[in-house]
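Look at the two complexes coming up: subunit A is in both, with subunit B in one and subunit C in the other.
This part shows the complex of A and B:
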């Protein structure tokens, strides 16, 4: 018998960490107990994007959206909603500003303002079933590319769509494909296609989610790419920290081989192609194309100078068509619905020249000081304000927005004066940041921008492969200076020294890691210079983060004498009696902040 | 599994259409079977089973089935509400599997209200 209801349980990594596998199993058991097994099916989907509220369960066709579902809620959902048709209000999502729960997915602002292309199948299909992907039109683009289009026409279509590399560089994919096909033809050497799934930016999880919710979309894009450049061999380079994504890819590849979508005579034509998964060890630099290919070859993952591009001499010196996960996932859509349709979304007119704008959509992961942590897909050209405040739900705890870092650790931090800036490749570069792979880290007024810069320089310093001097030594020296400033030992002239060092590192590093590493320092100096000056000249940290520059103090007017902070203080340096204002012994205080964390009267002041 | 051809892809997609429509919320008709305790004890589960079997048998892909609680008129259960897109909902009472099969064909597919089983047209007034 046909199912009347599908219970779509999110099993992306975020929800899995909150226990969604256990929840989906419990739901199945309860459904069986209620005798509904033949009417109600539990479908495990990829990430639905609203990670802040996981585990997520959506009941279709009712469209009822449940969040924060626990194993103990399963009997309630099965008995009340699935059996008796009474949706469980307690588990529905309530937006921060409203009082009444919102039951339907399409009524939640977080979802309502997004436009899903790459994530079109999230929450809709079971990523582990190829039948589900085919049912929503999967592999029709491949059929079209194989039977109705020549390789040159495919390349032309991608070029005219204006699709630019979603891994961060924003290089037009069609131009890259054309160069690859051309190099292969000229030298008579067979090219390879590679998918870069080595997503290394802290706080970024777009590519992982795309693979987890729709692995076949990436594979279909790669087969079409292989057809366009004429090759038989493909690789997916994925970091080993992504076990669920890798498992789903492996299953998807096995299904493709079984169905004849990989291997010899694909879809009954003469095309032959297969894909191999290669695991990276999680080095940040291996997301860089030349380092990635060195790692693919089994060598140490270090980049090389790029006066010869990998698209001509890449993996084993063969022409190599490397694109990021999100770029590949866009390809089937463009082939199916045409370059014109794709180019109509986003900014600029890209039909003649892909450099003229940014077409299509971009997936962003929203993290940091933001209410709706999660994964969003929006058309290019939306403003930062729309993404952070309308979709992201703004800053928690009534705090004030201070900065957003786009583009991962080597992106820039942008202040509130740029909130109304449209987000696309070129606009972000203009203001000293970058698109990167799409991470967005939001910071509020309790963040110290010098400390933020120091944190990212430390990360990049640790991830620098050490092959070239400016990146290896330059970042170390910049890190030392930032440490000094944060410790309250900053000197007159440190800002200029940082700028000078940054200029050297940017200009003479071998690869893009060094080339973009000083961005967090340069952008914070540019937009938050008074904070640097406050650290150096006044020995003050306006964000209250640099321990050497702040003191903790209890406001006697606010303190209600609850003894909480006193109990938690590891130094036993808080004095005070019940219902009497407390005070901190500043000599013994180690500024750990535990009193601030536990105080529910906001009486602990950091200044 | 034999190797796929392009025609196979097309066929697989057609076969799965019913399943996928369920997840997309684009139904032409919605049938709500009232599943309160009263409904279930007077046979709403059997009515639901009959409806699902009919839908599958007819190959219809755009009819959505949901459940709802007691409609307030426990003495006339099992009840169901049929709502065609753009038309007022119709409440049916005293259903049996056989009556449900008939009203599926006449009302849901044939778009004609089955007057002899119907209680009322329209929804209750809410504040």
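This part shows the complex of A and C:
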């Protein structure tokens, strides 16, 4: 049945947590009440990216974008917009600093500068229906790869496209596939393909969103990859913290089997292939390829030395072609539209040598102190400024940009002097950070860079598998020093000691976790050294985060005695009467900052 | 079903393969909310693996617990986005209120306090996940009320 209007309700993790399933059910009920059930359909889509404004509902084909939709808004949308054709202004998005709402999704600055390849189907299809994916051209790339191309041609196409691993390393995918196919042939051993969906980087949720909005794109990529290297077995290793994504993958795989896209005689050819989902068990290090494969074998996830490549000896010593979710999702596009088209986007000329640049797009999760939190996909080579200020809408509450952290826990913090740097694999590495899987955490002047470094070191110390001593013990010592500095007990020479330890950890650890672990410390020392010195020499925390070094104080000249902070104080340690300046009992104060959050007079001073 | 029969049933479901160990332990953890020692022992016997090996796995992965967890798991996201938006203060407050450290359980088994590295819902930072519920944009002031309904 054809519908005149589709109501696309976002059901990505962010919106689900804000109640989007309830909203979509309420919309269905209201649509039925209005007698529109045969004309209007509610579609539950994957993550639409603008998570800050969730739950999100887009009415198509009008392209009207509603945000922050609640169950009680459903009658209004059904009656006003769907029945009478009058879009509801109150629910539209209004950019900060502007007064008029923007009705259409395509006009919202957050969406306007993005270029959607991997997320091409976001908000357009129901991820739980294979029919939807097929309707937008899904599985045509697979048909092309199986009937018109030889495995060698597929590999050549991927190689010439310059596609580099989106998991962080940036290794050219085509080269990897070629090595895998070669190793399999040489040793007569059947290879496996693996999809790494163990997205453990804090502040990164690209892979989860890709799976949630378009699971079939990942599966199609994997089947093409299996064809290219000639294998019958595939795995998707997914974090157990991602229940919605896992469920959608399971449904998608079942549909593929039903449609003859997995199993024996795929699309009537002699190809045989199937995929199994394996759930992680909460270990960050399992995102590292060798640890992941150990975990697949039912072992403790410890990485091993990299001089034996997993493409040759990986899972159960078989040649293993492991790629990240985003990498796999790019594959159908490249097969369909060609290497030349893909290579034309991004930086550098990759047609001869994939190391020459970064082609295609990259999905980033834009989080932290930023107005438009969410998921964005942009061509490689866009500058940080364009991503953070044009798409991300800048820093909230009129605060000043201080740093952006890229590359997950092993990446680095970049200051405002590097904002005009183009973002690609090589540029980020050059300045001491890395692409990582694509998390971008924005920090403002109320964040303390020493505290951020300490946060990452603590994270990595907990997640270190413990195999190599420099990583296990070195990170602990670095953590101790950083704790000391944040507590106001830093000593002269601590910075040099940190640098020395970092050098040892980088050079003597086996895997990438240890090899890049000191990056957050080194990059913050490099770009924010005065902050370290302020902690050590002056016992001051410029960001106001290190609790031992700050006190909260109410400026009596600014306080208008509104009682708001007094009401919210969890310690009941604010004294004062209505319209009289308040004061904080410094002994009972736990420095939680809730008074600072609620004060609309800027009277709470942290110093 | 007694615990030995349960382990046997899980082995039948996931296969007599050492690669299935993690999946089997996950099922046990989900049902019992911890991995009981007798089940771990029985699993080792049946799969002909050393108990030390299974103990290693059960303690390496964060998803497994060898001690019973509380009725509600209160999990503070400490991903970077939540960290810069105030997760450490939430943990301080919870430690103070529940009188336990992250990773432990209240004596009345009401709450287990945990931290998670990131649940990928950074737009809702700082986030506290109680059982399956996401308590979004938490503040110290909202925390007490948010937890009241979990008995």
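The rule is short, and it goes like this: the second predicted complex is superposed on the first by the 587 of 607 C-alpha atoms of A that agree within 3 Å, B and C clash if a C-alpha of one lies under 4 Å from a C-alpha of the other, contacts with A are read in each partner's own complex, and residues count from 1 in each chain.
Here is the rule we use: a contact is a pair of C-beta atoms (placed from the backbone, for glycine too) under 8 Å apart; a residue touches a chain by one contact, two chains touch by 3 or more.
A quick note: this is a predicted structure, and the numbers were derived from the prediction, not measured.
Engineer: Spot which of subunit B and subunit C makes contact with more residues of subunit A, would you?
Structural biologist: Higher number of touched subunit A residues: C.
Engineer: For subunit A, which residues belong to both interfaces, subunit B and subunit C?
Structural biologist: none
Engineer: List the residues on subunit A that touch subunit C in their complex, please.
Structural biologist: Residues 13-14, 17-18, 51-52, 54, 199-205, 208, 240-242, 278-284, 295-301, 365, 367-369, 373-374, 405, 409, 439, 441, 443, 447, 452, 455-456, 459, 463, 465, 568-570, 590-594, 597.
Engineer: In their shared complex, at which residues does subunit C touch subunit A?
Structural biologist: 17-23, 25-26, 56-57, 60-64, 78-86, 89, 92-93, 96, 116-125, 127, 134, 136, 139-141, 143-144
Engineer: Mind pulling up the subunit B residues that touch subunit A in the complex?
Structural biologist: Spelled out, the residues of subunit B in touch with subunit A are 1-6, 9, 12-13, 15-25, 27, 32-37, 40, 45, 48-49, 52-53, 55-56, 64-69.
Engineer: Using the touch rule from the top, collect the residues of subunit A that touch subunit B in their complex.
Structural biologist: Residues of subunit A touching subunit B: 1-6, 8, 35, 39, 60-63, 82-86, 106, 124, 131-132, 134-137, 139-140, 143, 146-147, 258-261, 265, 267-268.
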